[in-house]
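Sharing a structure with you now.
Chain nomenclature is as follows: A, B and C, assigned in order of appearance, with residue numbering initiated at 1 for each chain independently.
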Amino acid sequence: MASAEEVAKEAERRDIRDRWLLSAPALIIIFLAATGPLLIVVIYSFLTPGPYGGVVWKFSTDGWLSVLMQRDIFDDTLAFADAHLSIFWRSISLSFYTTVLTLFFGFPTAYFIATRPPKTREVWVFLVTIPFWTNLLIRTFAMQQVIRNEGLVNTALMALGIIKQPLQIMNTDAAILLGMIYIYLPLMVLPIYASMEKLDFRLVEAGYDLYAGRWQVLRRIIFPLIKPGVIAGSILVFIPSLGAYVIPRVLGGGKNMMLGNLIELQFGAGRNWPLGAAISITLMVLVMIALLFYVRNASGSEGAHG
Amino acid sequence: MPEQPGRSAIDVRGVRKVFGTGESQVAALDTVSVSIRENEFFTLLGPSGCGKTTLLRLIAGFDFPSAGEILLHGQDIASLPPFKRPVNTVFQSYALFPHMTVAENIGFGLEMLGKPKAEIKARVAEMLKLVKMEALSGRRTSQISGGQQQRVALARALAPQPKVLLLDEPLSALDYKLRKEMQIELKRLQHETGITFIFVTHDQEEALTMSDRIAVMSSGKILQVGTPWDIYDKPAERFVADFIGESNFLTAAIADIGNGKARATLKSGATIEATVAEGFQPKDNATVVVRPEHAKLTSGKGDLSGTVENIVYFGTDTHIHVRLDSSEAFTVRQQNTRSAGCGFERGDKVGISIGNDAAQVLRD
Amino acid sequence: MAKRPFDIQAQPGFGFMALLTFFALYLPIAALVTYSFNTADSLSRWDGVSLRWFISAWHNSAVQDASVRSLVLAVSAAALSTIAATMAALATTRTRPYPGLTFKYAFINQPLMVPEIVTGVALLIVFSRIKVWTGYSGLGYLIAAHTAFCIPFAYLPIRARLDSMDLTLERAAADLYATPWKAFRFVTLPLLRPAIIAGFMLAFVISLDDVVITEFVKSGGQDTLPTYMLGQLRRETSPEINAIATVFLALSVVLVTAFYFVNRRKP
């Protein structure tokens, strides 16, 4: 008979093997319908565009060059592609403003919820959760109802006689910004609330006891303690903003494109799949940078408290 | 005297258990051997981290030993999974299934063994009666008190009629009064069922009052196995004497060993008779242990002399802390009477006399 | 008049900001729902309340097709992803770290890290090739794509539940003669059930809501409700879209409420 130690070792080997078998379906599905295709995008970014979309299997770095540059048709010199640069800039700046403004509204909201009595607190959280789980397209569409020319805002302002002509908000950067703030606000409120809920208000009492005023308590005690929630919320808002596609398409009209729309354009009317692939990878890299920033800051702030 | 193999329920032979690998290896059990007899209430006693729970888990089958054998009625079970061992456990946290009723919990083991429904029903009823829980059989386990959960856990582990019942600090979550009640209850159950109980605790009082025999453990080793009386009155090592009850340790020169007795010359110059283990060789600086209640304080001369440093009142008795002239510390416990105080005050010069048979020479 | 006692938790203006935020969260939804009851032909007029556009949407065969397709897709993807996620959660919790464990975490959560538009074009590239090679252009591609991005969502509550369950109860079952399979069947699975239901519902909602990936993966004539709506938004919108959106919204609210109660019930 095998010794107990051999039996134990065999059991552990079998356990690890079983754990691989158990996780295999999930890993295989994700590989086939998510990760694997991403690797093929990398390959496509180095090929030559086909005349009617698709690719020709010939190596080329033109796709990557075209991300930021354009080749002059007459003298073959390279110059920055202003159209692409402005789209990059719009994506990054709108995502940044969205993050700052959702924080501006989200922080007091999370604070408000966290300071309600436990019973009503659940109701407030629930009220934030409902929009969070509502279809993004429907919420974008709902925003359109408010800001379009015959929409709620313009109708109200005209009825009150404040304006004569409807404000053109639709199809501007402002419309995209409003839409993104509206849609991603719950993603800011929920993680901040999660940190705030754990906040021990005896620390706030201690702050007041040591002569801090309301602002000082907020800045020196509450804010540092819930910083992990603020960072998590900011990253949860910034990353999907960067990759936004539906919101700029519906609210921004055809002209005010963000990176997502630029990518789609290359796979559709633009018929430049390698360029589309290269922009996709660029977008992914931007997201990874944001995530790395988060990982470094999140672990750093935990270390400070531990 | 060697153990007779037929009479022991569990034989632990040279069992080692090592956790971790390479540099960070820790031996939770360091070559432990012990025999646990049939129908015995056997206690593994020691501080947390001493290896008592590890040993219990090895017997239950939740872990496998790194070396050695574990025999159940002479058969090695060390490599069997828990569901193939006729051994059941009462868990420290009770581990009652929250999605089942009291009765379903108790019947679970029998159900898994594939017993017929009628038999399970009868046995569950019997168990409910044994632990006096008939009225609550249909309740969810979350709807009953801690003491009641304890009884269900016991009934559940006893229902399949295991050869050995393992109890992992089962009383630690209960409050003082309930714990006292359950101690008596456990003794009764062990007596009525005739099953071997292996009980793990860090509470020395619990161990002394409940056990037939106790194994005192420390740092992965068993230091001493014996009856409660043996363990308390004849501690073999300093750790045992220190862990169980209170002790005074004195340095002494040991001579004239014979018949289990020796002459111990203390630092004060006084010579007392002390119990000594077989095979102990005479030496100059051995340690002698004296229990505080086995010494007597006098205002005159005794075997030792010193100054009263502190007097602590405990209700039933009073502890008088004395600084000996040899600068060693010594505590005397004195029974309280209605009439007066202890009769001494801080700063008094006192003598201490040590009774016959009160001192014990410790193994190094 | 007595002075109000000092409130430790108060911060000036925060209450106002919060209420403003809640108002802003629900104003657009209210507008959307209100317009869905509009009798007029266009969104620019208000002709009074009626169910006209709900009835019209109900009889619209394109909407019917898209709704059925959305439901079939969401149920299949939620079922498949919940099964795969439950198995994966069992494989990645309650263990000492073993080689490959971190890799598994990263891999399972990978769909969350990549912008949908990127996954969308990646799948477009691969699936369009496969469609050419195999000639098959059915719902299978959408089911595969949805299952993949639903797995991390279904995984979330199941893993959280397993992390909060130590192995004591399974040990107790093994101690009471339950084989590993029986211990799973009679102890682990019943205790895990609320989390599995929660995971299924999350996956269902996520699949039902998806626009971007579906838009890139679908073959011709394979509109789901969201992609149908996106297509309609390009044109001059009629209140029919509002009616569809309102029903969709109601469904989401019901699902979220149900999810909330399933998740809150502690076993």
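Operating definition for what follows: a contact is a pair of C-beta atoms (placed from the backbone, for glycine too) under 8 Å apart; a residue touches a chain by one contact, two chains touch by 3 or more.
What you see is a predicted model; the values in this text were computed from it and never measured.
*Asks:* Touch graph across the chains, line, ring, star, complete or other?
*Replies:* complete
*Asks:* Averaging each chain's C-alpha atoms to get its centre, pick out the one most distant from chain B.
*Replies:* Result for max centroid distance from chain B is chain A.
*Asks:* Would you mind checking which pair of chains has the most C-beta pairs in contact?
*Replies:* So the pair of chains linked by the most contacts is A-C.
*Asks:* In terms of Cα-based centroids, which chain occupies the most central position?
*Replies:* Taking the mean of C-alpha atoms per chain, the most central one is C.
*Asks:* Distance between chain B and chain C based on Cα centroids, please, to the nearest Å.
*Replies:* 56
*Asks:* Between chain A and chain B, what is the separation of their C-alpha centroids in Å?
*Replies:* 60
*Asks:* Using Cα averages as centroids, what's the distance between chain A and chain C in whole Å?
*Replies:* 17
*Asks:* For chain A, what residues touch not just one other chain but two or more?
*Replies:* Counting only residues that touch two or more other chains, chain A contributes none.
*Asks:* Would you tell me which residues of chain C are touching chain B in their complex?
*Replies:* So the residues of chain C touching chain B come out as 168-169, 171-179, 182-183, 186-187, 190-191, 267.
*Asks:* What does chain C use to touch chain A in their complex?
*Replies:* For chain C paired with chain A, touching residues are 6, 8-15, 17-22, 24-29, 31-32, 35, 43-44, 80-81, 83-85, 87-88, 90-92, 95, 98-100, 104, 107-108, 110-111, 113-119, 121-126, 128, 144-145, 147-149, 151, 155, 205, 208-209, 211-212, 216, 226, 229-230, 233, 241-242, 245, 248-249, 252-253, 255-256, 259-260.
*Asks:* Can you list the residues on chain A that touch chain C in the complex?
*Replies:* Chain A residues touching chain C: 15-16, 18-23, 25-27, 29-38, 40-41, 44, 54, 105-106, 108-109, 111-113, 115, 124, 126-131, 133-139, 141-146, 148, 150-152, 182, 185-186, 189, 201, 204-205, 208, 214, 218, 239-240, 242-243, 245-246, 249-250, 259-260, 263-264, 267, 273, 276-277, 280-281, 283-284, 287-288, 291.
*Asks:* Touching residues of chain B toward chain A in the complex: what are they?
*Replies:* 63-68, 70, 76, 78-79
*Asks:* Quick one: which bits of chain B touch chain C in the complex? Just the residue numbers, please.
*Replies:* Result: residues 60-62, 81-84, 87-89, 91, 93, 95-99, 108-109, 112-113, 156-157, 160 of chain B touch chain C.
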